[in-house]
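Below you'll find the structure I mean.
Just so it is clear, A, B, C, D, E, F, G and H label the chains in written order, and each chain counts residues from 1 on its own.
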Amino acid sequence: MHWTVYLSGEIHSDWREQLEAGVKELNLPVSFTSAVTNHEASDAAGDLLMENENAFWRDHQSSKVNAIRTKSLIEMCDIAVVRFGDKYKQWNAAFDAGQLAALGKPYITLHDEKIIHPLKEVDGAAMAWAKTPAQVVEILKYVTTA
Amino acid sequence: MHWTVYLSGEIHSDWREQLEAGVKELNLPVSFTSAVTNHEASDAAGDLLMENENAFWRDHQSSKVNAIRTKSLIEMCDIAVVRFGDKYKQWNAAFDAGQLAALGKPYITLHDEKIIHPLKEVDGAAMAWAKTPAQVVEILKYVTTA
Amino acid sequence: MHWTVYLSGEIHSDWREQLEAGVKELNLPVSFTSAVTNHEASDAAGDLLMENENAFWRDHQSSKVNAIRTKSLIEMCDIAVVRFGDKYKQWNAAFDAGQLAALGKPYITLHDEKIIHPLKEVDGAAMAWAKTPAQVVEILKYVTTA
Amino acid sequence: MHWTVYLSGEIHSDWREQLEAGVKELNLPVSFTSAVTNHEASDAAGDLLMENENAFWRDHQSSKVNAIRTKSLIEMCDIAVVRFGDKYKQWNAAFDAGQLAALGKPYITLHDEKIIHPLKEVDGAAMAWAKTPAQVVEILKYVTTA
Amino acid sequence: MHWTVYLSGEIHSDWREQLEAGVKELNLPVSFTSAVTNHEASDAAGDLLMENENAFWRDHQSSKVNAIRTKSLIEMCDIAVVRFGDKYKQWNAAFDAGQLAALGKPYITLHDEKIIHPLKEVDGAAMAWAKTPAQVVEILKYVTTA
Amino acid sequence: MHWTVYLSGEIHSDWREQLEAGVKELNLPVSFTSAVTNHEASDAAGDLLMENENAFWRDHQSSKVNAIRTKSLIEMCDIAVVRFGDKYKQWNAAFDAGQLAALGKPYITLHDEKIIHPLKEVDGAAMAWAKTPAQVVEILKYVTTA
Amino acid sequence: MHWTVYLSGEIHSDWREQLEAGVKELNLPVSFTSAVTNHEASDAAGDLLMENENAFWRDHQSSKVNAIRTKSLIEMCDIAVVRFGDKYKQWNAAFDAGQLAALGKPYITLHDEKIIHPLKEVDGAAMAWAKTPAQVVEILKYVTTA
Amino acid sequence: MHWTVYLSGEIHSDWREQLEAGVKELNLPVSFTSAVTNHEASDAAGDLLMENENAFWRDHQSSKVNAIRTKSLIEMCDIAVVRFGDKYKQWNAAFDAGQLAALGKPYITLHDEKIIHPLKEVDGAAMAWAKTPAQVVEILKYVTTA
């Protein structure tokens, strides 16, 4: 049995790399998928289609191009990890979590203790809350190898 | 045809009251539903079940009690309005939007121009972006009366 | 048992009125729903939200506001009638038919013999092809009264 | 991750070949599927079952045989491209788009600026509007490789 | 709680009337629905649309008109009773049973002991096998009143 | 908004009556549904169809008749309460909980502290764990009135 | 693209073998699945679990064991062929067709002209009616190779 | 065709090993999946995330980590075997059976004659009841090889 794990959220720290290294070291039957994590590329995803002076429509156009990828990967994943850092609004991560919850996909949240309270609805529908990437690797090890 | 409209998000301004007044004045065939909007009551929703010293579990317990209501109302609604104010993390609103998107429920976002960019994924899956409650009332009028 | 029948397509002839008159005369247990059928109002549905110089985004904005209504009514209907006239592209009618087919909603097409061939895919998934509103009324009578 | 992309619509220009060439050059992890694109073969798809003098039933019979293929491929695809040319009614393309929308499959429309208005409902539910096959190839590159 | 019970199958005996009388006498919270049970009317259901010399297409056209009613009623019912008599092929009844099974609708079969063996697949997915209408009434009484 | 609450489990104590009394006193917008709670009647539910010497088939026949009621009520409910007492195997209650979980229906468990450990999977998918009927009434009050 | 085709119905003629030979000769990307087609083995499928004097329960037990296979294969198939011969009740074939219809699986019926009328509901939901295995092979060739 | 079979329930006898040996000997196209069957490991599954003095939350945390695995495997399986031994509450097995039933996954129960009565609801929705692992192997042989 091979497991596909979607990684959602923060793009300004190396948590994805830590998960990948940890899973590789343990040789777990796990593949990771992700949104495009290059911020500038992501913001410009739709620019080739039409130039827009209006900021809303530029964002709208790029957001929908990105969603071709993210919506598909969310629907294809077996498990997800949703990471919240200590900066920015990160509404896209909470939005992903809402989709995962409605689709019945089990997800693990990864965040500091400081933001427990504003994340209580997102954590309430999660299957686990981890504070470190190492904990996530441990959970994936437990879940994917018997 | 009667329409049920779920109101999600900000609880510190009177946008819900403005929508209700607007809809009442026009006599639209619309009923509104909402999460419990009393902040303290919502945080304490599960306290009667078990006292918890641990902040995470207290929030977890209350979050799940609240979700009995919100998850049901989200699934029962025909349309939703998701409001983002200028304060707080408001991850619960983005989480609701994610559920609405995955369930195929049409929703309208209601927020200032200043936060277009961090909301681009949430707006990307929305059917309309409004800046004022009055605009939402206009949309509801158009949509629910032919 | 009461039946809700969604009427999709042509807005430049009086086929909707003929159906309503026919159903009323026979006192059938049928209610009709429809998109907004005022062409100008429909094109301007989103204008109150934001003015757009760009023709694509103006149409996009209005199209999504209209879809709040049409997508909901399509999902709520028991039966649909999809009408194709002899003018215009009418891609919205074929688009509605595709949604109806994918949702498993039984629909009746209403069109002249001249356009059988270009409509063959739409007719192939339909439950009946009628040439006149009177025939549709007859079908509704048969289907809704035993 | 390999992606299956369904190509719907116009059969009288070489847009499919352009997409295939573009994707091959970039070595993208993409496979294309399509309806039978030979017009005569498609019209005659059911003729072997029964000869029909009646034009409606001949079309009906062939349409359903074709739908065995197209309905399956639509349900199996990850992404779709729906192409509208400048000739013919092309109701089958709009019908495909409606099915894609109702199934929650992300699709890209490919058409000239001249037909924005009649396609506004089809574009409203699309994730992107492209004017050239080269743009579609760019989007597929962005979406399928991170 | 009110229950809608779909009655499928044999139209040449009075089992429907027996059920209705039994349910009325006990004043059960049950409404019955049915296909059109007039054989000639049912065979001619589509004749008003187009005359067909070809027997297959005449049947096809009527069958689809009838299915507007039956497919809807099957999807709307809470429980079904599927009756097999001792004559005719009655493939429509077995076809209804297959739809009910796939939709997860609980159904009761009503037939003589003589045809247990050929009905074993239909009975295997049923919730009960009754030999008489009186038994069905008893089951409905038990199920709908506590 | 009216809420339907399915009551599953123990039939040898008066917890159902306590819930009904509590909800009545507070005049909550709640209706309760339940399996048949008369043990002998439930065991004999299918006996009228066929006498069975074999204990397995007698139970099988009655179990399926009961499931016509319980499966329907589970699918129709908005919320459920699943009660485990201190006696008997009560596998039917855990079986109901599994169905509720898979259908995404929010449920509250009601049981003593002594059986936390064997119920950990059932509680893990529940939205709340209550120790007394009075707590359940409080939760229902909170959830159904804003 | 590889296609899985479920073969349902008649077990007393060699139509399955003809389909297999035809598909093999053309080297089509098609695999066939089927219920167990040995009549005696099928009737005895559950006998190892428990001996039953009662004919109904013996059939019931075997029918359910067979359904583990058939229900799974029906849900896994891309296309089905449902064959009706000139003998026996063949309610299992009509039952399979009903499941296929409700699941939205495209199926082809295979039967003589003599039984058009009793099969009109089964044919009405089919995508094609073939009179010979050779015609089915032609359809499969057309559908699975472009 | 390869079949994935989920094994649920009792962890204190060697029934899983017997099934594996039997299937291996017959070289059946079957793979087995299971929850983590080490009792202590399972109870401690979430301990690495947070230490909990409160017994309920410790169980809750571990139960949800285990559910990441079990809920996924249940949804991925083609068939399940649910085993009830003669000790312990085993509510998790009945809970799994409820999920399987609601998802329409065919399952076989494996238990002694002594516990027929308390398991009647779980058996009522099962496709077969086996008393020995050898019988299960026979059923799997029959179902997976034609």
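Convention: contacts are C-beta pairs under 8 Å (C-beta built on N, C-alpha and C of every residue); 3 or more make two chains touch, one makes a residue touch a chain.
Since we're looking at a predicted model, the values are computed, not measured.
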Inquiry  = Among C-E, C-D or F-G, where does the G-H interface recur, judging by over half of the contact pairs matching in residue number?
reply    = C-E
Message = Same residues or different residues where subunit C meets subunit D? The copies count as same if more than half of the interface numbers are shared.
response = same
Remark   = Farthest CA centroid from subunit D: chain F
Message = Can you check which chain pair, F-G or A-B, has more C-beta pairs in contact?
response = A-B
Query = At what distance in angstrom does the C-alpha mean of subunit C lie from that of subunit A?
reply = 40
Task = Indicate the whole-number Å distance between the mean C-alpha point of subunit B and the mean C-alpha point of subunit F.
result = 31
Remark   = Cα centre of subunit C to Cα centre of subunit H, whole Å, reads 49
Key: Distance from the mean Cα position of subunit H to that of subunit E, given in whole angstrom   = 37
Task = Can you tell me which residues of subunit E touch two or more of the remaining chains?
result = 50, 56, 64, 67, 104, 129
Key: Chain-chain contacts as defined at top   = A-B, A-C, A-D, A-H, B-C, B-F, B-H, C-D, C-E, D-E, D-G, E-F, E-G, F-G, F-H, G-H
Ask   = Mind pulling up the subunit G residues that touch subunit F in the complex?
value = 50, 52, 54, 56-57
Inquiry  = Can you tell me which positions in subunit G touch subunit D when the two form their complex?
reply    = 1, 3, 78-79, 104, 106, 108, 127-131, 135, 138-139, 142-144, 146
Request  = Please name which positions on subunit A make contact with subunit B in the complex.
outcome  = 55-56, 59-60, 62-64, 66-67, 70, 84, 88-92, 94-103, 113, 115-125, 129
Inquiry  = Touching residues of subunit B toward subunit F in the complex: what are they?
reply    = 33-34, 36-37, 41, 45-46, 48-50, 61, 64-65, 67-69, 71-73, 76
